[in-house]
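In what comes next, chain A is part of two complexes: it sits with chain B in the first one and with chain C in the second one.
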Partner chain A sequence: MARISYPEAKYMRTIIEVLGKLIDEVAFRITPDGVYVKAIDAARVALIDIFLPPTAFIEYEVPEEVIAGLSTANLAKLLKKVKKGDKFVMEVDEENVKIIIESTIRRTYRFRNLEVTVPEIPEAQLEFNVEAHLLVDVIRHAIKDAEAVGDLLEIEAPDQETLFMRGRGASITETKLVKGSPALMELVVKEPSKSIYNLEYLKYIVNLTKIAELAVLRFSSDMPLELEFSLGEGRVKYLLAPAAV
Partner chain B sequence: MSTFRIDPRLCAVCRGRGWCGLSYCPLLAKRIASYKLKRVTGSRELFGSSPPSVFVGRYGYPVVNIGPSAPPVTGDTSIYDLPEKWIDLKLEDILGYRWSLITGSRRIDVDAPRRGDSFLDKIYEVVLSIKPVDVELILEKPPRPVISFSEYEPPQGPRAPLEKVRVVANPRIPKPIDRVYNDFDLKASDAIILLYREGIPVSMIQKILSIGAVGYYRYRRLVPTRWSITAVDSTISEYLIDKIKNYQEINNIMVFLRRFYDNLFIVVFYPGKWSYEWMEAWWPGSTWNPSPSEVVVEADHEEYGGRTTYPEIGGCYYASRLAVAEYLYRIKRQATVIALREIYPGFNLPIGVWFVRENLRALLKSKPILVTSDFREVLELIDRETKLGVKKWVEKSYLLRKILYYKSILEYIGASEK
Partner chain C sequence: MPEIHVNPKIREAEGILKKALARKEVIVIVGSLSIDYVGRSRSRLTHGERIVLIKPDGSILVHRPTGYKPVNWQPDSKIIEVFTHDSEVLVIRSIRGKPREILTMYFDNVKMIYTDKLVDHGEFAMYIDEHEIRDLLYEHPEIIEDGLRIIEKEKPLRNGYIDLFGVDSRGKPVIIELKRVTATREAVLQLYNYVVEYEKTTGVKPRGILVAPSFSAKAVESLSKLGLERREISLQKLWREYLKPSQTPSKTHSLMDYLGKSGEE
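On to the complex of A and B.
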């Protein structure tokens, strides 16, 4: 049996909400080195990869690897009511998954441990030509702006200094970022690149910007986009296939 | 019916052969109806067999018009209000049937099913029956021969305020209907599914829902016909889709095609998880396109997770989704489905969403005209068969674009899914 306890249930809620948009059932792989979640959405366009190290938890008793299989819809339902400062505890054995929300009162939920097939995904060895360190707010705004005009987001790094994010549709919106500005802390461009991504899938993860502050954006021309959000301790990686328009 | 702008000289030589370009002959349809109505116009009394049929209006909600309908004939009149059977009929006949249905209506509160109402009890007697029921309608004034059309409901015949209704024959209420009517702890959505699984026709379930004969007792209420049609289509298809999601994906691309009265339907099944798109292209001069030159194309879709908002395109989205879900449920497979419809100028009467549902059901009973693994063949077929052309359809379609343009992330990371 494993018992882990996360200090901020609200963070967990955001993560589950994002997962819920992509998949119906989620498998938490809880190992002595940390908690891993990997999932591909139904249309196989996006891949999400979450890692939370033991240090992110206030309690971490995991003698051996276990898998907790849960329905994201059920989980999202019970996490809907959590408040800031609530603690999220998960106890897992072969049969059951117990979730305890500790606040002024203690709520316990017990679920059957579902058998969720964990997709075998090798560590993606992708080479990216552009890497940018950004404030998450910038990404959120760029996605929201682009939504207003169409269903595509174009990202372009024409030189070492600038990064564009454009919403493409009937009209065009453009967010221009210049290296060194507070929004764009770092930009490495090995090769000028430009690529287009489906906004529908970027919308799904917009909520992650609520719990992260910094994000690393990596991409190449007509290659997947990788967004890495750091959550204090732990990270969420989101890999999205390009839209070839 | 003053909107027809046909040269009368043309009618004189054509005599119902469709030279005006419409998909039905307005003169013939009107003729058939007025022949049947002759017996009742001018009279305040009507004796006939209700198919059974009921209409619940939506104007003035929560105080709405409700009343039974009956044609001035007795015997087996079930065909007068059974869209499931209409698909094999000529449009003139359908219009003839519908227009000769006379509705006697009365305004009552939608909460009436909960409070009990003697007028409503009589409607229950009529509508819950599987067989036509003889009724006597005493109207406050002779029915005006007004004929109505709507995008949602089947065409309506003349109406008049109702003074009194008498149920003359014994209704025959099938067991499942009796059961859900008397079960006050059964949710309306569960009742709909129970009736559907018992083989009660969808149009019948819609009537039962609209008179408030199902659901938790304290939530029972009248549901305007137009709303109940979409509610039933949506509830049943959602139930089926839930089941479909557990099935394997289809192996090959399948394409179905059907032409029917100036309408073209194409349904593409593409291997993948469940998702659905419904598109319509209205030509100038067809029902919902008053523009003189521009073809209007509308589309709405849902991904695997379903929709949270009402599709802009309207109730036909759910009607078509029901037909498609029924098919996938029958073959025990899931797929990404793109269904499209072209409506040409001759088809200028709004006839109700049943037209979409029944046409797609008929289409999916036929054999696919193309089974392939090459998506290009599908695009060629769409280009060949549609008047709009594949380029415009792809521009409008979210799912077609997705299939064409969005690559799988697996291609890039070289993974295989178990």
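On to the complex of A and C.
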């Protein structure tokens, strides 16, 4: 049996909320090296890849690899009530998954360990021509602004200094970031690139901007977009296929 | 042919259901039953009188006498078994493959069974709400008039909000009021008040257009008397041509095009 305890249940709630937008059931692969979650939506447009190392947990007793298969809707329901500072504990054996939320009171939920079919996802070996290190707030605002005008977000890095995020629809909204500004800490452009992505799928990850501070954005012209959020020592990677326009 | 069996004995009910399941018919059972469910969670519903619907695709809905939501359901079934215990309890068990979910119904009394093959080729018409119509016309003003440019939606005036405000091909301001149901005289007066208020504020007389799927006789008469215009729209057509999900999917490539493999489960 494995027992892991995460110090901030609210973070777990945000992660589950994001996962719930893509998939109905999630498989947590809990190994002695850390917790891995990989999921792809049914349309195979967006891929989420989560890794939380043992050091991200306050308790980590995992003698051997176990899989915890859970319904994202059930998890989201029980995590709805968590408050700041609540602890998230998961005890997993082959049959059952016990979730304990510890705050002033201790709430225990027992679920059957579902046999979740994990789709075979090829390892992403993508070469990106642009890499930008950003404050997550910038991404959130660009997505929100773009939503006001349409359903597409265009990202362009025309040179080594500038990154544009444009909402495209009935009209255009533009966020311009200049390298070295507090919002855009780093920008590496191997080749000027421009690509467009569907906001419907980007909206899903807006919540991650609440629990991460920095993000790395990678893309190339007409290629997938990768957003990597750092969660302390862990990370969430989100890979999104470009929109067909 | 529809068959209705009133108060069948448990053994009879077993035979009727097996036959109907083999023929892939729609089945409606009214009776007293308890239910066990094992799957994503575990539940038990104790005895009570309920309505059970079994559809040819294996989906099952159990309704209590009140409420619109089923109390138990299966989106589909891999196997549906019917058997009896000591001729006293009729058991219907639905097993779902992925995820594995088992719904077992124990009837101690069956009041009625209805079985039939139902035919339904009807098209589901989705109706759109006023906000969707407004947003659609905002993006496609040509539906109202060629050359019309929409400048603002929900434009505030002192006496309310104009649904859409634009300029026609000759540069004249246009105030558009939308209704998703038959426009009445009240809608005409609302539009007229906006037109008057706009003219009072700016000194320019705008055109006023009432857009709706149909107009009452009094509305048509009032529009004409007040010098306002009307445009009839078909909600079904708008939905079919602009909003129908199959035609407006989020057009996005698949990641598999870039990751190289098919990624089949």
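Everything below uses one rule, namely that the second predicted complex is superposed on the first by the 244 of 245 C-alpha atoms of A that agree within 3 Å, B and C clash if a C-alpha of one lies under 4 Å from a C-alpha of the other, contacts with A are read in each partner's own complex, and residues count from 1 in each chain.
Please note the rule applied: a residue touches a chain if its C-beta (ideal position, glycine included) is under 8 Å from a C-beta of that chain, and two chains touch if they have at least 3 such contacts.
It should be emphasised that the depicted structure is a prediction, and the values quoted were computed from it without experimental measurement.
Undergrad: In the superposed model built on chain A, check whether chain B and chain C fit or clash.
TA: Overlaying the two complexes on chain A (C-alpha atoms) leaves chain C and chain B clashing.
Undergrad: If you stack the two complexes on chain A, which partner ends up touching A:Ala9: first (chain B), second (chain C), both, or neither?
TA: neither
Undergrad: Touch check for A:Glu115: first (chain B), second (chain C), both, or neither?
TA: second
Undergrad: Which chain makes contact with more of the residues of chain A, chain B or else chain C?
TA: Of chain B and chain C, the partner in contact with more residues of chain A is C.
Undergrad: Determine, under the contact definition given at the top, whether A:Val35 touches first (chain B), second (chain C), both, or neither.
TA: neither
Undergrad: On the A-aligned overlay, A:Leu187 touches which partner chain: chain B = first, chain C = second, or both, or neither?
TA: A:Leu187: touches no partner chain.
Undergrad: Touching A:Lys21 in the superposition: chain B (first), chain C (second), both, neither?
TA: The first partner, chain B, only.
Undergrad: One more residue to check, A:Leu126. First (chain B), second (chain C), both or neither?
TA: A:Leu126 contacts both chain B and chain C.
Undergrad: After superposing on chain A, check 37-45, 145-153 or 181-189 and name the one in chain B that bumps into chain C.
TA: The segment of chain B occupying space taken by chain C is 181-189.
Undergrad: Once the two structures are superposed, pull the chain A residues common to the chain B and chain C interfaces.
TA: 40, 43-47, 117, 119-122, 124-126, 151, 198, 200, 223-224, 239-245.
Undergrad: Which stretch or stretches of chain B touch chain A in the complex?
TA: 272-275, 303-305, 398, 401-402, 405-418
Undergrad: Going by the contact rule set out above, which residues of chain A touch chain C in the complex?
TA: These residues of chain A touch chain C: 25, 40, 43-47, 71, 74, 111-112, 114-117, 119-126, 151, 169-170, 197-198, 200-201, 223-224, 239-245.
Undergrad: For chain C, which residues are in contact with chain A within the complex?
TA: 38-42, 98-100, 138-139, 250-261, 263-265
Undergrad: Sort out for me which residues of chain A touch chain B in the complex.
TA: 21, 40-47, 117-122, 124-126, 151, 198, 200, 223-224, 239-245
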